[in-house]
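Heads up, the next two complexes both have chain A, just with different partners, chain B and then chain C.
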Partner chain A sequence: MNAALRKMGGLLSVYYAYMTAYRAELILWALANSLPFILMGAWYQAAAGGAFGFTPVDVTRYFLAVFVIRQLTVVWVIWEFDQDVQRGRLSQYLLQPVDPVWRYLAAHLSERVARLPFSALIIALFFLIFPPARFVPHASDVLLAITFATLAFALRFVMQYTLALFALWTERASSLESLMFILYLVLSGAIAPLEVFPPELRELVMWTPFPYFIWVPARLLIGGADVDLMRATVVCVSWIGSLLVVNRVVWRLGLKRHSSMGA
Partner chain B sequence: MAEAGAPIIEAIGLTKTFKVAQKPPGFAASVRHFFKRTYKEIPAVTDVSFTIRPGEMVGFLGANGAGKTTTLKMLTGLLHPTAGRCVVDGREPFARTRDFLSAITLVMGNKQQLLWDLPARDTLRLNAAIYGISDADYKSRVDELSGMLELTDKLDQPVRKLSLGERMKAELLASLLHGPKVLFLDEPTLGLDVNAQVAVRAFLRRYNERTGATILMTSHYMADITALCSRVLVIHEGKLVHDGELAALLRRFGTRRELRVELSHAVDDAKLRTLGEVLSHEGNVARLAVEPAALVAVVGRALAELPVVDLTVHDPPIEEVVGRVIGKSQRALPNVVGAEQGA
Partner chain C sequence: MRRLGVILWRYWSTSLQAELEYRSNFLVQAFGSSLALAGSIFALTLFYRGGGFPGWTFEEGLVVQGLYSAFSGAIACVLSPNLSRIVQHVEAGTLDFVLLKPVDAQVTLSLRVISPWGLPDLVFGLAVIAWGAARAPARDGSVSLALLAVLFGALIIYGLWFVVATTSVWFTKIYNATEVLRGLLDAGRFPMAAYPAAYRFAFTFVMPVAFMTTVPAELLLGRGQPTMLLGSALIALVLLVASRAFWRFALKSYTGASG
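Up next is the complex of A and B:
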């Protein structure tokens, strides 16, 4: 256990150094997730017209929460893995006694820590420009939101890493993520809160992994009383568990294929 | 772990065949290829067998695409053999156990593990964590290896700021930090200038002497092989065509040295032919092949009889030696490996 912790500590420390070597890029990465602010403008107008049950300030806070959750849960492992397969870096990782997944995980977690100050700066600027959006969430809401954001990150990472492993057959799996990203945008609550969906559709969507990526943690952050915590936990953990099993099977098969076709 | 006296590397009938998609040129072929792929089996390595004893330094020679890297990848567990088997340090490489991975390293001259934008020391810290090296061991090994590599003052500079030679030394340091017993080196001096090549060779020799590590290395530079390896394996079109002492190989196939002369004005080919075989003669620059026994006399005659501006002596290009071995092996393939092993 101590050896594993030391290993992860070493990975996190070096990858944090790696991430902070790109200061300018960190700001750009944080800004690149500003889609919620753009959508906020559109939905703000709709809410002002009384088109659905949100007030303009509700809309503003929701999309601000979406921005925060996206900052905490962004995953890019599929592009990294594609590159590593194509450029032969994966072979070098395979020569070391640690599963490459820990490198990718350490890179993501370190990036999160490095990105945090820039994300906070963007939020502070937003509050400065638009004072009505200011709000202080309850500590219990923050705790719940962080818990579900952590689950959201784990789910998104496992799902994308499982898709990434198909690069061991095709050398390019990122196109699978492009397809998945459409579902992610529509069903996660990234472009509209799930409250605008017809109830039957929303019920169906709640059994898929997508609402747990953004909508659940974002609603919890702004005090979402209508989130069924028990179901959210069970569905989210079940998806993570199932995908982990699939991931390990695909990894073993992919490695066999990779080693027979040319590492 | 290998038993005492047992070979540390053993390849038995090692064979690797790749299935490669084939696409003829042209639009129609591209459309057909989109709907239906056709594959061809390409044999990369065929029935290769050899053993290497602990502490040996063995050169692995062959032209591009001969099967050297594929063999190294099978020996390091990156590729699964299509047929045959290999054992390294008493373990089956493809199982990729922690003990096996801690006992070996593979350094590829055209690939790097160093984190490009960070100082090399960060990659070293990363490797220390991955291999579970204690802080005390980490410090003593970095001090020892960086001293041997004359790299101590370069470890805190970003890798991108290092010269090619310094980067290769740092690669070696990162690859050897965990104290591997078996080093697989694939073109470790590729692209390095002469000074850097000499430094890398000197380091590898000292490392072998100090640690008793076994080294199997490929190189396109004959000087790498002659400086380090007493034994060579030659592979051609996936088949092992020579396994034996380097001295015997050079006696039989590669004794000639290459003399390069730059002249102040052109001279006849006939004049050059009196000194040795003319390999090339373009403008005022000529390359001659000369027997070693006659080298001193030929150099003396060249300086006396030709309008020499510059003169250098080189080892024969590795391709020439390999080419001669291959020429021989194609005439008598069944006997070459066995005959040389006994040499």
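Up next is the complex of A and C:
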């Protein structure tokens, strides 16, 4: 147990050093996430018409929360894994006594820490430009949001890593992710808060993994009373659990299939 | 001019041959584009569940969506495969080879490859434009003016993209600077009327997304003034000249792979 923790600690510090070496890239990645701000404008204007049951300021806070949650839950493991399979780096990782998943996890976690200051800066700037949106979330809401953001990250990581494993057969799995990403954008609450979905559709979507990526944690951050916490926890955790099982099965099968490339 | 034509033909046929090695990818792309289009149309219906965009019917909104899809298809065919290579050229030092060839370097860098993967987006986008325009309230729109507006819009995007990609001569590793630009182009999914005044100002004068989809749609639907074309043409011209000047300026500080 101690040895495992020491390994993870080592990986984390290595990848944190990597991430800070590319600070300029981190700023650009944070800026590239402009979609929440664009949709914030469109929904701000739509809410001003008064037909939606929320005010423009509510919308602004919601999409700001979407931005925060997306910053906290970015996952790119599938592109990394594709490259590692194609370039034969995976074979080297397999020779080491650490499951490669811990490397990817360490890279993602340390990037989070390295990115945090830039995200904070963007939010501070936004509050400066648009004072009406300023708000201080309750401590309990923050706690809940962080909990569900962590679950969201876990779910997204497991889901993408499971898809990534198909690269062991096809050498290129990222096209699967681009399909999944479209569903993610539309159904997660990234393009519109789930409140504006037709009620039947919303009910259906709540059983899929998608709203737990963005809508649930974002809504909790701005003090959402209309989230069924019990159900959210059960659905989210069962998706994580079942995908974990699938992931380990596919990993075993894939390793048997895998013949190293390029090494 | 004839020589340029021959060169371009060679460039494109070789790059197409290379891409067509991955034919099965085409099905995935086509499926992806139809899914993406369905997603965007769904998003549009959400706005129209209450109010919608002031002054725009749902069908008119669809025309803007279609233009956006067609533009992203064209960008995926021509713009992004070429301009993302500038960064690689600078990083790997192969920009030297481009500069040494007796063909204008900006032309080579901008038109070297063509990729078929944007075609589904382009075709679906055109279909949505046709469908929406046929059902939109009848006014006397003009297809030729709209096409001119599309051309200027394309030149504006090209100019912006080329300037951003050129900055890699100084910063080397900025794969994602163009991602920032691409992210901002997302604003073209909706007509400008969908945004608050501050956004409209920014999308017209700072990051001219308005000229990409809204202006062509307005001309096609007969809602806009032909004078808007003048604005488009002016900005396109300014950006083209600026991109050329910026490229020359950048080359002055380019020291080659070893420098």
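We take it that the second predicted complex is superposed on the first by the 258 of 263 C-alpha atoms of A that agree within 3 Å, B and C clash if a C-alpha of one lies under 4 Å from a C-alpha of the other, contacts with A are read in each partner's own complex, and residues count from 1 in each chain.
Note that in this section contacts are C-beta pairs under 8 Å (C-beta built on N, C-alpha and C of every residue); 3 or more make two chains touch, one makes a residue touch a chain.
In this text, all values refer to a predicted model and were calculated from it rather than measured experimentally.
**Q** Quick check on the chain A-based superposition: chain B and chain C, clash or fit?
**A** With chain A as the common anchor, chain B and chain C both fit in the superposed model.
**Q** Tell me which partner A:Val234 touches in the superposition: chain B (first), chain C (second), both or neither.
**A** Neither: A:Val234 stays clear of chain B and chain C.
**Q** Once the structures are superposed on A, label A:Val245 by its partner contacts, choosing first (chain B), second (chain C), both or neither.
**A** After superposition on chain A, A:Val245 lies in contact with neither partner.
**Q** On the A-aligned overlay, A:Trp29 touches which partner chain: chain B = first, chain C = second, or both, or neither?
**A** second
**Q** With both complexes superposed on chain A, which partner does A:Ile182 reach: first (chain B), second (chain C), both or neither?
**A** Second partner only, chain C.
**Q** If you stack the two complexes on chain A, which partner ends up touching A:Gln45: first (chain B), second (chain C), both, or neither?
**A** second
**Q** A:Leu121 in the overlay: touching chain B, chain C, both, or neither? Say first, second, both or neither.
**A** After superposition on chain A, A:Leu121 lies in contact with neither partner.
**Q** Check whether A:Ile191 is in contact with chain B, with chain C, with both or with neither, and answer first, second, both or neither.
**A** A:Ile191 contacts chain C only, not chain B.
**Q** So after superposition, what is the minimum Cα distance from chain B to chain C, given in Å?
**A** Checking C-alpha atoms only, chain B sits 6 Å from chain C at its nearest point.
**Q** Once the two structures are superposed, pull the chain A residues common to the chain B and chain C interfaces.
**A** 22
**Q** Can you list the residues on chain B that touch chain A in the complex?
**A** 18-19, 73, 76-80, 82, 94, 96, 98, 101-102, 104-106, 111, 113, 115, 117-118, 122-123, 125-132
**Q** Applying the document's contact rule, which stretches of chain C touch chain A when the two form their complex?
**A** 25, 28-29, 31-32, 35-36, 39, 42-43, 46-47, 49-54, 171, 173-177, 179-180, 182-184, 186-187, 190, 194-196, 199
**Q** Residues of chain A touching chain B in their complex?
**A** For this pair, the touching residues of chain A are 3, 6-7, 9-11, 13-14, 17-18, 21-22, 88-89, 91-92, 94-98, 256, 259-263.
**Q** With touch defined as at the start, can you tell me which chain A residues reach chain C in the complex?
**A** 22, 24-25, 28-29, 31-35, 38, 41-42, 44-46, 48-52, 175, 178-179, 182-183, 185-186, 191-192, 196-198
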